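We call the chains A, B, C and D, going by the order they appear; numbering starts again at 1 in every chain.
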Amino acid sequence: MTKIKWLFIASMIIMLLAMPLFAACPGEETTPPPEYTLYVGGGMSLTGAYAEDSAAVLAAIEDYVQYVNETKMMAPWRSETFPDNVTLEVLWRDDELNVEKALTIYEELKAKGMLVYRTSGSSTALALMDRLNEDRMGSPSALVSGPYLLSPPKTCLTIYPIYTDDLAAIADWFLENWTEDRAPRVAYLTADYPPGKSILIPEMDAYLESIGYELVGTQLVPLVPTSPPTTQLLWLKENKVDLALCWMINPGSQPTIKEAVRLGMGTNLDYKITFGLAAPSHLPVFVPAMGAELSEGVVVAGSYPPLDDLATPGVAFCNDLQEMYHPNDMVTHVMYEAGLVEAMVQVEALRLAMLEMPVEDLTPVDVLDFGFFKITDLDTGGLSSTPLSYSSGNVEGVDEVRVDQALNGKIVKQGTWPLRHLYAQ
Amino acid sequence: MSFFLQLVVSGFALGMVYALIAIGFVIILKCSKAFNIAQGHFVMIGGYLGFTFLVTFHLPVWASLILAVAAAIILGLLIERFTLRPLVGQPVLAVIMMTIALATVLEGLATLVWGGEYKTYHGVLPTITLKIGELSIPPETLIGVMVSIAVVTILMLFFRYTRSGLAMMATAEDEQVVQSAGIKVTTVYALSWVIACVVGVIGGIILGGVSGVMIPLANVGLKAFAVVLLGGVNSIGGAIVAGIMVGVLENIAAGYLDPLLPSGGGLASVFPFIVMIIVLIFRPHGLFGLVEIERI
Amino acid sequence: MATDQQVRLRIENLSLSFGGVRALIDVSLDIRDGEILAIIGPNGAGKTCILNCINGFYKPQQGKIAYNGQKITRMRPDKVAKLGIARTFQNIELYTGLTTQDNLMAARHVLMKQNFITSALYFGWAHKEEIEHRRTVEEIIDFLEIESIRKKVVGVLPYGLRKRVELGRALALEPKVLLLDEPMAGMNLEEKEDIARFIIDVFEGQGDTYPNTPVLRDGIKTIILVEHDMGVVMDIADRIIVLDFGRKIAEGTPAEIKANPEVIKAYLGQET
Amino acid sequence: MGLPSGTFNQSYGQDMAIFRTRTHWVMLLAFLIFLFACPLFFSDRILTILTIIGITIISVHGLNILTGYCGQISLGHAGFMAVGAYTSAVLTAKLDWSFWAALPCAALAAGMVGLLFGLPSLRIKGFYLIMATIAAHFIIMWVILQLYSVTGGGNGLAVPRPEIGGFVFKSKGSYFYLVLIIACLGTFFAKNLVRTRAGRAFIAIRDNDLAAEVMGVNLLSYKLLAFFIGCVYAGVAGSLLVHYFAFATVDQFPFMNSVWYLGMLIVGGMGSTAGAIFGAVSLKLLDELVTIVGPILSAAVAPQAAASLGLIMRGLVIIIFLIFEPRGLAHRWQMVKAYYRLWPFSH
């Protein structure tokens, strides 16, 4: 026993002593002169509520970087090429959705020479927002809910609409299909979690009322419910709600909608109600998991096209990349598409910046000013609802919201609606 | 009125889940004086085991259940032998910290084995929807009630009629007496962990069938502690009664008070904790717990 | 004899029960200045219960305890301690994580004036006060001949020494009344003699050998001793009270007690 | 015990001093100079890590006083940090207070909330108190999210950086100094507190609360005092944290942080000021190690291996310490020091 104890203590001490060296060394390295390496990637949350999303994003970024390195092409449908003497490399760390870790990871990767960055979730984006802004580090993220990133303009770039804009589009869509004389009754049914609550802003209420809705109230469900949210759903029924606006992640939305169907609530069921979800409950994950009967009528805004929609060039590209690099281990999560868009934005920013500045002199500010803010109409092959454009002051890349509905187990695109820019001040 | 009744019924379903978790907790506490913070994690593991056997291996429900219980037994034995046994005689904090550390390791192992993805097995478990007038009773209530009754009955029989069960009850009363009677206390400890693990895993399979499985599912354990406290930490019957009480009250509170609160309420997620504080202030030994007399 | 002395502690008709178990039944007794009072009785007679009631640890259902005429029944233990009543325990109740010296210092708690802010700042007032109290504590350590274990954590000390440290801790409180709960239980003859000597020395006072420690200089003039060992009790007690099943069955000088038939019966456990 | 051979105490003051020889003082001074010189030769990244470690140390000192010394186990420490953090955030962001006025208010507010949830501690112990503090955490978070108009709810709150006479603590180096000074003061106060009257009362309560009460310690007020002081430390740490991020969200204070703080005490050594520091440093460095190893492991095995690494490592370290060295690194350090002092007569 004592031997084990001493061995263990000795190893602890060695580990502690070695750690600063371990940590300090890689940061000092610089890229060798003739061939340049630029980094893409950033923080990932492989642990926590966004784990499955982050894993898919990571896979996409890695595939895309490999594609650009091998072909020097930006995408099959684009003619621009990536400079020959520059190699891309993915740098990432698991921040466990912990903001303190996210901060030290950011500093580490920045020290390694990252010129672009990604944040893994709303909370980490918020925590890093000030740092990113201070360093003028451009940072696209798939999961930025925050209107606060927009005013005053910061350097976090969203690649899909902010949740309040998603829900506004759903409200617009619903109103277009509304046939009754009375004003439709709307309520929020959202996750009891900061991004879930981020949709509960006065601006949202005001917009809904201004276009003719009658606002009923709010119900919260746990982020990952441990029992079906019967209470909340019954409350909707009791208050005769026609449209429920929700922000939920998949593990929250599936049991919720399943319970709603059991209670006879749905577009085609006894009690007519439509569930409109903002992006994280991506329909392409939701519909196959739930099946035709349970998913019927659910509307999602700001989602990505399904992975079997091969007519869309972006989706075909996703499939090709996976076929090429890991055919036996296909990622079927729709966030693969989001990851691909993120990677495209990061790499495009680097490419654009290199047109203005020699690669060896690039700094994050240059990449932001000459890269990210010069991106106009970046064609994502139909992955995002519209081509992406960023500029100083416009960090919400899309200008329209795609709305899809699950009908008979299929995802049917309902069209796109303009952004309403409903942000909390 | 039907709104109220529905709240009660779905609260009942929720309470059954709480009660199942609480029972596992109480058994360990009763027999080995350890507070097991990781009880919620047994539930999560149970959910994943259910997914593995039912979906990945396409096994029938009965076979999955047997295999999951077998896995739970092994897990319980391993945990007791390698983490709790070295701590016999250590202060309360050490044991609690051990179970917390255990919880994080279990979480890590689950991530390693099953990944961070959300796993569902909708429709694999039999679903029976009972409708009485306007009232619709959720299938998980029925399954929960049936399983809980079955588990409690088996435990009662076990404690009353088997040698090991009697030994466990005796250990709860007085360790030294048991030791002098020639019963190995370590066996009793191991057994209590095994039972807690099995109960947790069964709860997890039910819960997984209803809500799907994900790592944060383990947090249900934290809420179940309110039930444990309300029922009295050493009363199995108390855990069941308190489970139902907390479940129903939580639902009613959320149903009627939430709309009155700013920012959407969300009382359901905090309600058990409010119950916890109230119980601790006014009745620390719970409804059915025993009061200990301190002496010097 | 001390019967003409002032009554320090008066217990009147004290009754205490736990659920259905009656631990003390209508016990009355007086403790005067200048006497060592011993309480004896078989196991479970309620000896320790009386001490627990005196220092407020148990709340008796009936009866009254007065200290210097002030009612202290159901008073909080720490307030009782502040009035100057200290005790030792049957099953040593030391602060196991602290050193001998700190155990004694901890007992100076009620006598110290610093608050947590001056403590945290330390330099200046708190430092001065610490040194002042340290002087007293060192004298008690000297007195009890435990210098060698001054900086040892008490948890690891042998039983006899721990008993001694506990006595030291009670002295460090500088009490007016000292309650000793079986101070000699589980000791060998030599250790018992040591403790007996300490008790007598404390009672009598040591004069100017310990100038900084009033409690050692002037002695503690009121001591209650709960003890099993009849020999020791007969030797050092001025007066003895005998309890049996929660009732006081006898009271008197050692000689009277020795001759009391009730006491003999209780001790030999004869059926009446 | 523990003095180099040939050194003797000549007064009680000397005996009570922490640093008793000239060598001790020189070593302390050298260490402090080293710490204050850090920004000169360390990168932003290391400074960030050190700053976060510093904030963690402040917080863990508080928990150490509450749990390590007074024995009142708390799993709500992150919640109490959040109280301080939001007090300071709201005062500076919404009411335009100066950071220097908001910091004491934050400390006080956290202390008061700590008092509130410490109230049941008179009647309940151990596990029950853990439950009360877990409940405290979730109730605090819920209240913060409810007060949307004040705290920004889930959207968080942008917080200005501390400034003094026009100088803004914006650079990594300057904030590092701020945290370092407060951490040093915190350590100084904590060390003094636990070796004097209040500290001894805390330990008395931890080791034997019944005897402590009989020996004159007012249990309720001292338990509450421990809660108050522990939470004041938490409040200061929370305030420093949000001002460092320049943003306050509830996600900065996840429940698991409370668990890790307790873990730090286990690893470092309960009831030892040095232990709190050792624990915070070693677990935070372990975190860094995990982050760096993660991607390597991910490439070699699978992404989820990287994800599980942190949880498993931290859990295992705590388990190993509980089994093999329950007194923590501080005790190990004492033994190493003793060995060194007595060298070459080590037995």
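Note that in this section a contact is a pair of C-beta atoms (placed from the backbone, for glycine too) under 8 Å apart; a residue touches a chain by one contact, two chains touch by 3 or more.
Note that the structure is predicted; figures quoted are calculated from it, not measured.
Between subunit A and subunit C, the least number of touching-chain steps is 2. Distance from subunit B peaks, on a Cα-centroid basis, for C. Across C-D and B-D, it is B-D that has more C-beta pairs touching.
Averaging the CA coordinates per chain and comparing them to the mean over all protein CA atoms picks out D as nearest. Annotation: 40 Å between the Cα-based centres of subunit C and subunit D. In terms of their C-alpha centroids, the spacing between subunit B and subunit D amounts to 33 Å.
Separating the centre of subunit A from that of subunit D, both taken as means of CA atoms, is a distance of 35 Å. In subunit A, the residues that reach two or more other chains under the touch definition are 46-47, 51, 55, 197, 200. Annotation for subunit B: residues touching 2 or more other chains are 111, 115-116, 263, 266, 269, 296. Each of the following residues of subunit C touches two or more other chains: 57, 89, 93.
Taken in their complex, subunit B has these residues touching subunit A: 3, 6-7, 10-11, 13-14, 17, 111, 115-118, 120, 122-123, 129, 136, 138, 140, 207, 210-212, 214-217, 219-220, 223, 247, 251, 254-255, 258-259, 263-266, 268-269. Partner subunit A is touched in their complex by these residues of subunit D: 43-46, 48-49, 52, 145, 148, 153-156, 158, 170, 172, 241, 245-247, 249-252, 254, 256-257, 281-282, 285, 287-289, 291-292, 294-295, 303-304, 306-311, 320, 324-325, 329, 332.
Every residue of subunit D that touches subunit B in the complex is listed here, in rising order: 67, 71, 73, 117, 119-120, 123-124, 126-128, 130-132, 134-136, 138-139, 142, 145-149, 153, 210-211, 214, 256, 259, 262-263, 266, 270, 303-305, 307-312, 314-316, 318-319, 322-323, 326.
Those residues of subunit C that touch subunit D in the shared complex are 55-57, 76-78, 80-82, 86-87, 89, 93-98, 102, 105-110, 112, 114-116, 119-122, 126-127, 130-131, 134-135, 138, 151, 169-170, 173. In the complex of the two chains, the subunit A residues touching subunit D come out as 1, 4-5, 8-9, 12, 15-16, 19-20, 22-24, 27, 46-47, 51, 55, 58-59, 91-101, 103-105, 107-108, 110-111, 123-124, 126-127, 129-130, 134, 146-148, 193-198, 200-201, 424.
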